[in-house]
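So, here's a batch of structures to check.
In the two complexes below, chain A is the common chain; its partner is chain B in one and chain C in the other.
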Partner chain A sequence: MEQTDKRGYRGDFPVRDEDVQGTFKYEVADMVGGEGLMRCLKCGACSGGCPVGSVIDYRPRKVLGNVLLGLKDEVLSSDQIWLCAACFTCEERCVQQVNFTDVVTVLRNMASKEGHAAPGYVKMAEMVRKNGRVSARTGQVDKMREQLGLPPLQDPAVKQLEGIMQAAGLVEVIEANKKKEAEPE
Partner chain B sequence: MKEYVLFRGCIAPVRLPAYEAATIVVLEKLGIEVSPLNNANCCGANYIESLNEKAFLALGGRILALAEKEGKDILAICGACSGSLKHAKKLIDRRKRVRTDVNELLAKEGLEYTKKVKVKHLLDVFEEDIAFDTLRAAITNQYAGVRMAAHYGCHLTREFDDMNNIEGAKPTIIDTIIRIAGGRPVEYPTKGRCCGAPILAMDEKLAGKVGMEKIRNVRDAGAAGIVTACSYCDIQLSQVQFGGRLEKSRIAVMTLPQFLGPALGILDDELGMHMNRTSPSQILGSLTGVR
Partner chain C sequence: MKKAIAWGCLVPTRRSLIGYEAATRKVLEHLNIDTVDIPNETCCAPFWMQSLDLTTSIAMAARNLAKAEEMGLDLLTPCSGCFHSYKRVNHVLEKYPDMREKVDDILKGVGLKYEGTVEARHVVDFLYTDIGVDELQKRSTRDLSSISIGLRYGCHMLKPHELLNIEYSERPTFADELIEQFGVNSVQYAGRHRCCGGLLRGVQDDLADRVLHERLVDANEAGVDGIVTVCSLCHLQHDMGQRTIKRKFAMEDIDLPVLHFPQLLALGFGYSPEELGLNYHTVKTDKLVAKVMGGGRR
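Up next, the complex of A and B:
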């Protein structure tokens, strides 16, 4: 379902004890980029300026609140961490330097490891792995470049990329997420 | 003369080659030399970064190391690229452990990154390397007051990462350039807002809504066009106007060097003007002088 057709996710209360993992926030705060989480005052300045929140019921404060509360499974398996546009408006507004975008990156990395990466993101990462860039080369592109007097497109170092992606563990993450997608719900 | 290696990114050379061409010819005219960064890879912004930050840092580190080998600073024209390279540089520069990890992954190719190279976006070059007087003196064909809306990409001008816009000041550079070229910069609500492009991989309809809100505000402000400085923003703000219900009058979207080029006496063909999806003819029609 498209996000714009969804009703708000306000119906997910009350929170039950068994959904709470108290140590989750420390796990996140321990990662590079996650440090700001513990400074959050839940003031809501982030939600107020969010461009995604202006269109759908999306609230960065709610994401932070869920992490601080310890709703690990819900945070890591739902769409909420994948809807951030990484526009940094909230980081600019935040008085506490929580750096929401960086916290989201940490959460996305965690979710990806567990096979919960958003399919659109996995597709793009695969595209980079295969073509070395997020969009494919076509004959028309070559013609346009020639017309503009630009040099022909270069080899985007696909072989070197594959080596780096393997060694860094990205290939494993991509494969794990593809497997997860193939599984029936 | 200032010299840069141009990191084209992966979107511009394929989907927006006119931006790449216009950047090179405009900068040349203003005394900045640009050479290509060969054998470069995707910077990994957003997609790779979200799945595995270690791979993202290594991809960014590889680009930084390649530029270091050339002995020149990096010029990026895409907001996502410049933002992610600056971010990767910050993380790699500040933490020795990260640097060791990255260099280990690069060692197979005989590459090493040692913190030397700087990353600049096209807007940084206009801000830091080209004096406004130089730009003023180079204008041969002023626009006769055409109303233009500046769109600042989030990753170029936002205050974050203490690498960009440290004072958190409202960006003005595109507006200033519009004025110097003879145009009239317009204010509009949501001026500093995201174009919606980063959400495309997640939900196209949602991304379109964010983008269209901006287009409507620009139109209501009476602007003839939008000036962009990021490959993603430019493509997104053009394409949202073609989706679904046909918009009656499309707002012309053009990159900063494409807008500035004609005022510097550069021919439309060299700027790839005919490749734009939205017609810039109303804007070009306001140019004065012999063309």
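Up next, the complex of A and C:
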């Protein structure tokens, strides 16, 4: 049979050697919350209980499989790690305490550093940086609070927050993602 | 009894959520619990923020815990997202010494110190475990047996149970017990404990709608008078999101008022709907409130 370079043709594999970075799983397992990954049996209990999986073709087991296989670029640059709704049902049910949601957090942290964070979350982070809260304060709600006899809202310690965000690395992450956004496709 | 209290970002600033704060304050007052707000509270950096950078998030959440520690008080919060976040701080700091060192340094840089001694408690668990169903029953004045509701515990108060240590999440009963003592019929139905898609809002909006649609179908089929939520995201989804779902999925017959858990408690304690902000919700609560008020006194 004639050989071809095109993916999906007979003789080619769904996963090619050059896509695989065998050490990726160790990188993930070394981070806070990532250690459970190495215990995964790929049993699929995570996928079975996933509320997102019940409305679209999304399977936590597949994400774990891709990480264990070493498909680093695919995992970190695609949507698949940003579809988790963080309900923790998979963590609750996992017989191996893989803690999928924590593993996803590790993967998202890695992706965010490279500028692949979900734009919605970056926007929310900028809002927090500016206001100290993820929601804006409005005069209308202030008035309603008064009507309910609630104390006036305090101003969040924004300066302290900025210091934390600078020192801990979030500001860098925000900037990496703004830069990526500005790049032409 | 005195507790520090963290309200979170959304609860004190969103029209349909300030009733959560108002009702929680009333309930705690009614039970003689003294509270003091965390001074200049900042975002607790919950799961979505942890997604961007875990170290920053842990340090941010530790900021509010440090303030409670300064006052020598344990921390209550009605927000499940905040609760989850604060529980994770203590866990991570205890389990990962490297992270602890990093976070200590970051906090030191802004003049803070957190030793890790503050216990974060969810208001609902606190009411059940520390105050108790009997005590609530003693102080309840209104009969609520005329209403059937669908109670949503939400995800972040319970899961994962190893971290949050309240009750195993598959079939919890404690929050039901707290309202059943008023006579409320808390209906068990499929999907009651399933995720509402709240954390996908603003990131994957279509997906958030589709998950929410399933939840609203579940509740609608259960034939309840309304939904009662513990989590502020559940409330935003079910209450504010209901309009979108009605249009997008042609659910013409849906009309489910969504109450905050403490609002129901405060109604049972005899407070009026007006002082609990029930008129600020997106879906009108009138019909449910009329049913409650028609129930009479105990």
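Annotations for the structure displayed:
Quick note on the criterion: the second predicted complex is superposed on the first by the 172 of 185 C-alpha atoms of A that agree within 3 Å, B and C clash if a C-alpha of one lies under 4 Å from a C-alpha of the other, contacts with A are read in each partner's own complex, and residues count from 1 in each chain.
We adopt the following convention: a residue touches a chain if its C-beta (ideal position, glycine included) is under 8 Å from a C-beta of that chain, and two chains touch if they have at least 3 such contacts.
Values in this document were obtained by computation on a predicted structure and should not be read as measured data.
When both complexes are overlaid on chain A, chain B and chain C end up clashing with each other. Of the two partner chains, neither chain B nor chain C is touched by A:P14. In the superposed model, A:V52 makes contact with both chain B and chain C. Contact with neither chain B nor chain C is seen for A:G139 once the two complexes are overlaid on the shared chain. Contacts of A:G22 after superposition: neither chain B nor chain C is touched. Once both structures are placed on chain A, chain A residues 32-33, 51-52, 54-56, 82-83, 85-89, 91-92, 99, 101, 105-106, 108-109, 112, 117-118, 120-125, 128, 132-138, 141, 144-145, 148-151, 153-157, 160-161, 163-165, 167-170, 173-174 are touched by chain B and, in the other complex, by chain C. Residues of chain A that touch chain C in their complex: 32-33, 51-52, 54-56, 82-83, 85-89, 91-92, 97, 99, 101, 104-106, 108-109, 112, 117-125, 128, 132-138, 140-141, 144-145, 148-151, 153-161, 163-165, 167-170, 173-174. Chain A makes touch with chain B in their complex at residues 2-4, 32-33, 51-52, 54-56, 79, 82-83, 85-89, 91-92, 99, 101, 105-106, 108-109, 112, 117-118, 120-125, 128, 132-138, 141, 144-145, 147-151, 153-157, 160-161, 163-165, 167-170, 173-174, 177. Touching chain A in their complex are the following residues of chain B: 10-11, 13-15, 17-18, 20-21, 36, 38-42, 44, 46-55, 58-59, 62, 91, 95, 98, 105-106, 108-109, 154-155, 158-160, 168, 190, 192-194, 196, 198-203, 205-206, 209-210, 213, 270, 272, 275. Those residues of chain C whose C-beta lies close enough to touch chain A in the complex are 9-10, 12-15, 18-19, 21-22, 25, 37, 39-43, 45, 47-57, 59-60, 63, 92, 96, 99, 102, 105-107, 109-112, 155-156, 159-162, 168-170, 194-195, 197-200, 202-204, 207-208, 210-211, 214, 275, 277, 280.
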